[in-house]
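For reference, the structure I am asking about is given below.
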Amino acid sequence: MTALTEAPAAPTVRKASTRKRLVPYWLLLPGILWLIVFFALPMVYQASTSVQTGSLEKGFQVTWHFQTYWDAFKEYYPQFVRSLLYAGTATLLCLLLGYPLAYLIAFKAGRWRNIVLVLVIAPFFTSFLIRTLAWKTILADGGPVVHALATLHVLDVTNWLGWTEGSRVLATPMAVVCGLTYNFLPFMILPLYTSLERIDSRLHEAAGDLYATPATTFRKVTFPLSMPGVVSGTLLTFIPASGDYVNAELLGSTDQKMVGNVIQSQFLRVLDYPTAAALSFILMAIVLIMVTVYIRRAGTEDLV
Amino acid sequence: MTHLPILKWLRRNLVVIGGLATLAYLILPNVVVMVFSFNKPNGRFNYSWTRFSTDAWKDPCGVADMCGSLSLSLQIAFWATIGATVLGTMIAFALVRYRFRARGAINSLIFLPMAMPEVVMAASLLTLFLNMGAQLGFWTILIAHIMFCLSFVVTAVKARVMSMDPRLEEAARDLYAGPAQTFLRVTLPIASPGIAAGALLAFALSFDDFIITNFNAGSTVTFPMFVWGSAQRGTPVQINVIGTAMFIVAVVVVTAGQFIANRRKNSAKA
Amino acid sequence: MTDSTAGGDVRLTGISKTYGSFTAVHPLELTVPQGSFFALLGASGCGKTTTLRMIAGLEEPTTGTVFLGDKDVTDLPPYKRPVNTVFQSYALFPHLNVTENIAFGLRRRGIKSVKKQVDDMLELVQLGDFAQRKPHQLSGGQQQRVAVARALINHPQVLLLDEPLGALDLKLRRQMQLELKRIQTEVGITFVHVTHDQEEAMTMADTVAVMSGGRVEQLGAPAELYENPKTTFVANFLGTSNLIEAEVVEKSGEDVVVTAGGAKLRLPGGRCSAATSSGGKLLVGVRPEKISLAHRDDEGAVADGRNRVTGRIVDSSFIGVSTQYLVDSPAGSGLSVYEQNIERDTRLVPGAEVVLHWNPAHTFGLDAAQAKDAGVEKVEDAA
């Protein structure tokens, strides 16, 4: 017969076995160790390098020479300002250019959707340096693009803004920003597309049903719902763009050098390691502070 | 008010026109690369059109050291992909499936490399290698590539494992599959799209990386470094040939992937 | 896997489960006889699924022992227990087809030739034509049957079913209830079935254990639970009960006499699960379908010896086989009455003065110290 009574005296309490509890640590160990040794530890070394003095011949010693930071910043602040300005402009352009395309793929492409997606992803797999060099051809002096821009008086406007100079586009801020925008555009489009694609198209119908015009629907429904994509897209664009030196080197002149160029040349050519390390730390600090403030304000926690 | 039909049409299709313009902007350089792979330039630089020629296509390895650097890049990308995928998948599983201490710190450690300008990581890693007196070359490049690909793999795999029903593994255990069998027969097959996506991303990132490689390569030359150097010395047409071939291979691979995914989806509806 | 003639009772002794400071299951003694269809019934979070998972081995009990027959299986991992589970939302392997899903357990135990057994199973659950389909190509009902077949093919000593019909629509659920019952009778394996649906539990199970707050409230055959609830939770969770707060007046022979709102009511002492000292409080219960309704003008026609309460109809709803009335009375407000639609009295409309009357033998008494509305389904709980 089925029986039911209250339990007698409390029996011994079981414990999960130690082996089982260690499983996550074994899984984490190799990868996390890799990151600690080759990501975190180098930061420590770099911090130490940044407060060293000495020369390549005599060797460097830690002398807690914080003056390096101030000197480096004083000497290269135009490059810092330029980096943030170029990266910010490129990010904004990526958002403006990328949003329509992401929207098109998510809602309007229909059976073309996959083909368009392939065309967005495929350049990822072609060397970005080759593609950046192609911009040298496209924006070449006297080429069709520059000619068209001059005829349409676009160059007059950009000259007045200080983005271009005379009848040239190459070796101007515009060329560098154009290259940055181009290089990081897919990093904007894909997160935007992912978050737009998740939006239930019935929400558009519901908004329309509740007296919203298409423009209002976009402002009040679609755009707020795509915010996670906007946030991660802008981060994925701004962060690499702020440290980039390829576009400034290939498409700009000495007047468009960014902080990445300085770090690279200090490290690999001038061999002034303390200055290079200090510059790289200042850049890291600026980017981390901006990213943190931005994430707080955007109120998105789940970026990873 | 006058309603020009053309304006009306433009307004209605604004998004489509804008999107297509962006698409054109994205693809234009690839078209230029392709067209200029058939150029026969005067002088060392392949920046302006001279005349049609298939010379470069007939002799893609005709430039000194280029194909060697290409093969080196492929090898590094291959091993970096394997390393990052294995380590990243392990971390992703630990993060989704287990509770443990220092979770926040570990999450930050994984997020930070993605929130760091590449040049910062490149410079600091070089500082480490210089301090340790490491010989810069193949191994330092590989170490660096595994490091920065790792976070991306973790993110891709984590997303997939998180959406996986934990009851599937319980069902397997309930049906007499031990831990190893459960992992091999159920967990791995179901998580494989996420792992594949992570691996593909790692391959692309590693193969195309320039900034970190440039700092930590010493005198070793990968394909992106070869292209970088050639921008100073003179750009052989063969670079465009390789670029075009890569683009075509990428389109074929990605299209095939989409096709397979589509067929699965369609058979699901049947 | 098992020898079905061996003593196959499931015995839980002192089983409990705590997560940190939260106790999901209080120490519990429970025996499920071999070959029976046993239901664990309760609202979500009552500990029924945790209990089931401890039998399966998917959850380690904090205290206590699980016996299968005479064997202590508490420390065995799930893959070493002769127990199989039909999971909530089925947990079919999405990457394997129906045949491979069903054969999974056999293959893991190293059995090579599975075709015959799989075919037999497919026939048992009537899915012969779907052997090569993937799970997402099946309807909910078909998936459910694959899940049952996948578990049953292993001839487990006990089959555990975790809300197996929860994802199906009402009509299909009814059909699958009968089908599961048929399969259970056919294979003769012990079924332990977890559900929040009291109708499902009563239709299918031989024995029902009603759980609430990590404890078993009451255990018994469905009719026994329905007619003789021992707690307000059971009275309200299984069907509907009218519970009237009353004061004990006296014991007269076998019966207890109480007053409620001026009305004198009688109930059998044997159906009282609380102390009945005079002057004490008691909750008097009666099921809505046991009550008859008469217009006040016809009060004289009500037979003597029946419990009667006067009141006024506040609401009525016609639901086909019956009409349900809500009646306010001095004894209590919102009393439910279900009247069969045989001869409809046109005077019984909201506002009409009425007399509720019923056989005292259909009355039960509960401890008044309990919450009167325990187990009442609230709007926000409804799934």
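Chains: A, B and C, in written order; residue numbering restarts at 1 for each.
Definition applied: a contact is a pair of C-beta atoms (placed from the backbone, for glycine too) under 8 Å apart; a residue touches a chain by one contact, two chains touch by 3 or more.
Model, not experiment: these values are computed from the prediction.
Trainee: Have a look at A-B versus B-C and report the one with more C-beta pairs in contact.
Mentor: A-B
Trainee: What's the farthest chain from chain A if centres are computed as the mean of the Cα atoms?
Mentor: Centroid comparison gives C as the farthest chain from chain A.
Trainee: State, to the nearest whole Å, the distance from the C-alpha centre of chain B to the C-alpha centre of chain C.
Mentor: From the centre of chain B to the centre of chain C is 56 Å.
Trainee: List the centre-to-centre spacing of chain A and chain B in whole Å, with centres computed as mean CA coordinates.
Mentor: Whole-Å distance between the two chain centres: 15.
Trainee: Looking at the complex, which residues from chain C come into contact with chain B?
Mentor: For this pair, the touching residues of chain C are 56-58, 77-80, 83-85, 87-89, 91-95, 104-105, 108-109, 134, 136-137, 150-151, 154.
Trainee: If you look only at chain B, which of its residues touch chain A in the complex?
Mentor: These residues of chain B touch chain A: 14-16, 18-23, 25-30, 32-33, 36, 47-48, 87-88, 90-91, 93-94, 97-100, 106-107, 109-121, 123-128, 130-131, 143-144, 146-147, 150-151, 154-155, 158, 204, 207-208, 210-211, 214-215, 223-224, 227-228, 231, 235, 239-240, 242-243, 246-247, 249-251, 253-255, 258, 262.
Trainee: Under the touch definition given earlier, write down the residues of chain B that touch chain C in their complex.
Mentor: Within the complex, chain B touches chain C at residues 165, 167-168, 170-178, 181-182, 185-186, 189-190, 267-268, 270.
Trainee: What residues on chain A touch chain B, complex-wise?
Mentor: The contact residues of chain A facing chain B are 23-25, 27-28, 30-32, 34-36, 38-43, 45-46, 49, 97-98, 100-105, 108, 114, 116-138, 140, 143, 182, 185-186, 189, 235, 239-240, 242-246, 250, 260, 263-264, 267-268, 273, 276-277, 280-281, 283-284, 287-288, 291, 303-304.
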